[in-house]
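Before we start, here is the structure in question, set down as structure tokens.
Which chain is which? They are A, B, C and D, in the order written, and residues in each are numbered from 1.
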Amino acid sequence: MLYFFIISTVLIVVMAFTRNALFSKVLSLLFVANLSFLVVHAFCKKGATELVYFTFDGVGVIMLGLMLVVAAAAYVHSYYYLTHESDRGIPLYIAGLTGLLTSLVGVYLSNNLIVLWVFLEATTLTVSVLIYHHRSTHALEATWKYVFVSSIGIALAYMGILFLGAIVSPSDDITLSFSSLEALAANANPAYLRIAFLFALVGFSTKMELFPMHTVGIDANTIAPPPISAVISTLMVNSGFVAIYRLLDIVDGTVVGQWASNVLIFSGILSVLIAATYLLKSNNLKRMLAYSTLENMGLVAIALGIGGVARYAAFVHIIAHTFLKSALFFQVRQVHTTFGTYDLAKMGGYLRTYSAGAMVVLLGAIGIAAFPPSGLFVSELLIFKSLLLEQRWTIFVVTVLVLLFCIYAIVQKLLLILYAKETVAVTGVRPSVYLSIIQLLLVGFSFVVFFARDGLVLSLINDAIK
Amino acid sequence: MMVGYLLMLISSIFFLGIVNRIKSIASGRKGSSVLQPFRDVLKLFKKGAVYSETSSLLFRVAPTVAIVAVLTSMLVVPFAGGNAVFSFSGDFVFFAYMLALGRFTMIIAALDTGSSFEGMGANRETLYGLLVEPAFFVMMGVLAMITGLTSFTEIFKAFNTIGDYSLLLGLLFSYLVILIAMVENSRLPVDDPKTHLELTMVHEVMILDNSGFDLGLIHLTTFLKFGLYSMILTNLLVPPTWAIGYQVVCFTAVVAVFSVLVGLLESFRARNKMGKNPPYLLTLTALGLLGLIVALLIIQKIA
Amino acid sequence: MNISFLLSAAFLPLFSFILPKGRHFAITITTQLLVAFISIAGVFTAYSGVSLFDSHFGIGGDLNIVPDAISGFFILIINLVCLLTTAYSQGYLAPYFSTKGKTEMALHALSLVWLQVSMILVVTLKDGFGFLASWEAMTISSFILVMFEANKRETFKVGISYLMQMHVGFFFILAGFVMAYGKTKVFGFEALTEYFALNSNVPLFLIFFVGFGLKAGFVPLHTWLPNAHPAAPSHVSAVMSGVMIKMGLYGLVRVLCSIQSSFFEIGIILLSVSLLTSIWGVVSAIVQKDLKKVLAYSSIENIGIVGIGLGLGFLGIHTGFSSLSYCGFAGAILHILNHAIFKPLLFMGAGSVYAATHTRNMNELGGLSHKMPYTTTLFIIGSISICGLPPFNGFISELVIYLGMFQNLAGQSLREIIMLISSSMLLALVGGLAIFAFSKAVGIAFLGAPRKPLDNVKEAGPWMLMPQLVLVLLIVLIGIFPKLFLNAIAPAIDMFPLVGNGQVAVEPMLASLGEVSWISLTFFLGIAVVLFIRSKAQQDVVISQGPTWGCGYTAVGSEQQYTSTSYSDSFVSLAKPIVKVSKEFEPLEECDFFPQQGSFKTGSNDLFEDMVTVHPTNRLAKLIKRAAILQTGYVQHYVLYALLFILSILVLTYFKLL
Amino acid sequence: MNIVIIVLFGVTLMYVSVAERFDTYVKLVAIQGILLFFLAFSELSGSKDMASLVFVVTETLVFKAIAVPLLLRSIIKKMRVAKVHTKALPAFYSLLLVLFAMGVSVVLADMLKIGRIEKTFMIAALFTVFTGLILVIAHKKIFPHLVGFLVLENGVFMFSLAVGSEMPFLVNSGILLDLFASVLILGLFASRIGKRLNDPNVEELSTLKD
């Protein structure tokens, strides 16, 4: 653990001054190797605590595994992007990405609320560098908004943490670690727990792209370079999920447990609803995908809220969504290469122009709309099953109705790219097939989730929701 | 067994002759022999034929299919409380559908010529055919209900108009059968075979392009249908327990009365306006439903 | 049946993504044969007890599932139709080779195989998860198949709307399973018997009915069907109409087999919806001018007929009339089989027409009988059969249903009598209407003089004709030897909740069907005899050819023929209240002495489509779209949402609403 | 002593909610910094951990009272406009809102049944946080947004003082937040956006929307 941070820090510093692409690639490779060592290490030493503040629990290991896959793909796509399509400098970008990944590792593994929060702050810092990559007015605006609203979110989250801190009496010689908070929460003042949960949820919702603070994440996803959007929309979102999940763990089993669940469901439904409105309205490919993230996180929030087997579903959903959404965001860049725009109205006939990419779009659309063999099918099935079992008919009907519109919008708009349209200008640049194969692999992973009904992943999830 | 079948064949030879003769007498002419229509058919059998260039093989086969359909459906109709040649549960469904098959082939054959007149005739024929069919099924349903049996032979063996309230039912259904027969054979008041204007024809306009042997077959089909319906009428009206000799007499009487009736009707009644036909045909179904109510009263389902 | 085997086989077409287009067909048909072999071997094992495969071979030995009689029945028709249509596609897709890319063709091939596999899984798997997953896989693979020509805007729209409506159905089925799961803790079909035994039957049945009815196309849930079928390539329409919509019926059958009480209510619901469905379907079929739309609506009609059979069966259970229940179910199952035979045949015929003329509009067709004699003949036989006319197979199933109605009239109470008689009356009406619809389809599209020049039209190739010939053979065989086939499907019928001694019920029916074979043979003999006489009589006379008799008017053009629209006009004027025909034209102005070129367009709308699907969803979508007001671009608003959220949660908490 | 500081702090909040001139904002932020410095001093003076006390107090003074206001001032100098011209809400309503927020804070603090946190602290902290949020909501321009955020930060800081008087690491991490905000937001603001603010077209940065 310690070695990981040291090596990463050194790598980030070196990267920040490396202009040579090849050398930079070697450094990135080193980082990925470093990360994979950590994953293996974490997996072998599951349950162990290192450096006092970091524990390799089920949640952490799952998230680390996801990160390894997406990060490796993100590096490959980033280098292609930097060398072929962007005229901006490599060093800052790569250093920023590595920094972001490193701080995300901190979020995933920390067993202490304060530490988790600090690392979340660090992600905001690093990701702002990446969003600002283009240095355009738009980039500036998105970065400013992201940083500003995230900061407010982080401040609110900190308020929440302080409220949680208030339940720890000074005489107790304990820190704000999750295990101790969990122990204390059982006898704590419910009002404090509620306020704390509420503030922290709102604060973390910036990261998880959940209502109410989802707004800037959408803009960030739109503006950031696509490989970064992929990371924001999956790994960053996962970090928000981890934070909220840890919070939920604390209040679970206390008197406010049910209340917290309801708040989550409330927020989840609103998220799906808002996502539906914009999925129907938006005509920008990247924004579409960003809103689809909002929709999926809404579902995850609902799943977390229902509890029980749905919590398992939430993890399956997160895993499958990570693979699918990253693949789609990576693919977005190739679509842009082909058509020179993100405007959906100006795309068409992708199936003829570049069929490998079209397959990614098609399978991704099917996957993200939760048709089998997408892993999302499993999770949504379980979510709705538990919704119905709990006799929450209203929520079921509303969610399904809204979800149908989401699916309609996503499938329709994504597939419109594939089929012919009269007025479509094609740039004539051919995207890289190797990248498409990577994306197909990612989509394939999400399909594997569907079939993996027992084995490693399942035991990890069971470990996580224990 | 075959007696009924032969009777039907024989009666069909005379039927239209009688009708024509009555019509002539009613309009003050002497009229031709009752065998004249049959002679015409025989003459047509020996003639050559002109086929439209537009038409295909189907057009040549259709009259054959139509007449065989009628001949086949005649096989299930019994006579005199005896058995039909074929008798099985649901044979009247077969009967109706076999007739429909004949109609279907004639309709598409008419469309095969590409003539706008024949298309028009075909269109009317289908429309009237489909409006008549429910009436027949209601009637058979009622008969099946009160007898508890499901084939022509069994039903007519059990359906006894004498000594039962069902005389009323028998008369009602006889009326219905006559109407159905008139529609099936394209007679008044739905269609007028002797009309002069193609625009007002139904059946006649469908066969404008048929000639020679095929036209003979078509005429023969019409004759056969009359024989067929006369037999059903006899079955409805005459008690099955009577001896076979009486039955033959009765059948002859029914054919005679029926043909005279048709002749008189055609002499003194005008054809419906085309637009009036569908509502008129719906009254057939209404008649059938009336029969249902009567039957329900008879078996005391309605107190 | 080894599921792992089946699934691994289904991935074979992935090779077509790397192989040239010419090889795709070979891969597809080989895979489908393999799939058919595996699944039919499973059926064979189930019947004979002899295992053809060692179940421990393969990836998961525990996934070895023995199909029961109903599954077996469906597996057979699925394989039959899928194999034949794939063979047909070899000819049908030939023109697309030059315009479609390799990926598109490979995707199509893969989806064809997956449609077959997923349907086999649907009818085999009884556990809820497996069933729902394969159900969705079926939806998605058929969706991709429908989207084959999505470069046309219309097809694209139709495809999406198809997918969405199927998804709605999926949620209903899911809800049904979960309801049963809540009480029994078993997720799947196995739970239903237990659930129905303990709880009221109608609500859960209704949920399932909506879910499965959407797939099957019961009115008013049919709105996807008449659009999706024409949009799909013809071999796909054949599969969809021939077997895929039957999957909805399969699900319904499974549910019905578990029903424990409320037979009368469920029977009434089934019967009335089915009657509405069949009448609505056939009435709409008459109005259409798109050949494939006629066929699509006729599918709805036939689904209705199957439903009538099922409803009668339930009425029989309620009243305790064993022959009513037996005939109802037997008729339903037999009609499923029959429809799976003649509908693909007709769709293939329509596909051949489309391939040759590039139009499905009957008002532009006609005169094909000279250029495509085989296709025309096959289509006519299919039409006769679908109208339920003897001596072909369509008649047999309708006869069985009629038998159920008529054999059980005596001794019923008034309520049942009225229901039976009116259903028989309506069924007869449907038969007549079907004749109307198909005489129009055959007469306008195939016969008569060409309405548009047919210079480049050629008869379909052997790949396209052979599958149709196989189907026609089946049509004739079932028509003439119905007893054989009824005996073969008897195990499936025995799965239904029959009342009384099935044997008592089945004897008269079988006897009747035996007679039908003889009388049908007589019919054929009669035709042979008359034709023989005819040819003898015509030997010595002059047979000549001439123009169609124009009643003195010699300059008859092909435009003056009856068209699809004019043919149905007499009916439309009768059925005005339920048939909506739209007319678009610009009326001439007054004193318009030199009118400009005008246009006249007619079309038909489905009332239910407007009422149930189009308007509500459009309105809701508009509403939702209008609610998109949050992403304003102003930071202060974004912060406001957070504040409002916190406040509203606080307020809700304070009032104990959360 | 504390109570006086807190009341004074409340007064600055009222002012800040109706202020229009950028200069006034800076002054008020500086005053709040100084008040917080005193507050931190008096609150933490009983602490055993001398080093942390010194750290916190120094940080408050240096950052909140001196560095941030100076940075703000330098930004103002770069801009041509020195006054808020258009607001999302009229001053009157924002004042009303602030008063309402005060009420809510009082009620909330009462509901929370203070354990070991002083009620006045609690009220003041919540009030400050809400005022910060309201400032952001009520304004369209970026500069007041920034000020709003700083006020929010002050509220959080105050709360951390209340909760964390015995747990210095809480306070320390709050300071981390401060540092982070100052470095990131002000840095970004000063370096990039500040220049563009003179361009009347990019005034509001609201082009990214649907």
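Here, a residue touches a chain if its C-beta (ideal position, glycine included) is under 8 Å from a C-beta of that chain, and two chains touch if they have at least 3 such contacts.
These numbers come from a predicted model, not from an experiment.
J.: Which is the least count of steps on a path of touching chains running from chain B to chain D?
T.: Counted as steps through touching chains, the separation is 2.
J.: Could you see whether C-D or A-C has the larger number of C-beta contact pairs?
T.: Top pair by contacting C-beta pairs is A-C.
J.: Quick check on this structure: which chain has its C-alpha centroid closest to the centroid of all protein C-alpha atoms?
T.: Closest to the centre of all protein C-alpha atoms: chain C.
J.: Based on CA centres, what chain would you say lies at the far end from chain C?
T.: D
J.: Taking each chain's centre as the mean position of its Cα atoms, how many Å separate chain C from chain D?
T.: 68
J.: Could you put a whole-Å number on the gap between the CA centroids of chain A and chain C?
T.: 43
J.: Go ahead and note the Å separation of the Cα centroids belonging to chain A and chain D.
T.: 31
J.: Could you give the separation in Å between the centres of chain B and chain C, each centre being the mean of its C-alpha atoms?
T.: 36
J.: Residues of chain D touching 2+ other chains?
T.: 108, 133, 136, 142, 145, 205-208, 210
J.: Check each residue of chain C and list the ones that touch at least two other chains.
T.: 628, 631, 635, 637, 639, 642, 650
J.: Residue numbers in chain A touching 2 or more other chains?
T.: In chain A, the residues touching two or more other chains are 145, 148, 152, 156, 278, 281.
J.: Give every touching pair of chains, nothing left out.
T.: A-C, A-D, B-C, C-D
J.: Which bits of chain D are touching chain A when the two form their complex?
T.: 108, 111-113, 115-117, 129, 133, 136, 142, 145, 149, 152-153, 156, 159-160, 163-164, 166-167, 169-170, 173-174, 176-177, 180-181, 184-185, 188-189, 192-193, 196, 202, 205-208, 210
J.: Tell me, which parts of chain A touch chain C in their complex?
T.: 145, 148-149, 152-153, 156, 194, 198-199, 202, 211-213, 215-216, 218, 259, 262-263, 266-267, 273-274, 276-278, 280-281, 349, 351-352, 355-356, 358-359, 362, 366, 371-373, 377, 381, 384-385, 388-389, 391, 396, 400-402, 404-405, 407-408, 411-412, 415-416, 418-420, 450
J.: List the residues on chain B that touch chain C in their complex, please.
T.: 45-58, 61, 64-65, 67-69, 71-72, 75-76, 86-91, 93-94, 96-98, 100-101, 103-104, 107-108, 110-117, 119-120, 122-124, 126-127, 129-134, 136-138, 140-142, 144-148, 150, 198, 208-209, 212-214, 217, 278, 285, 288, 292, 296, 301-302
J.: Provide the residue numbers of chain C that touch chain A in the complex, in ascending order.
T.: Answer in residue numbers: 101-104, 107, 129, 132-134, 136-137, 139-140, 144, 147, 150-151, 156, 160, 163-164, 167-168, 171, 174-175, 178-179, 181-182, 187, 620-621, 624-625, 627-628, 630-631, 635, 637-639, 641-642, 644-646, 649-650, 652-653, 658.
J.: Using the touch definition up top, name the residues of chain D that touch chain C in the complex.
T.: Against chain C, chain D makes touches at 88, 104, 108, 130, 133-134, 136-140, 142, 145, 204-210.
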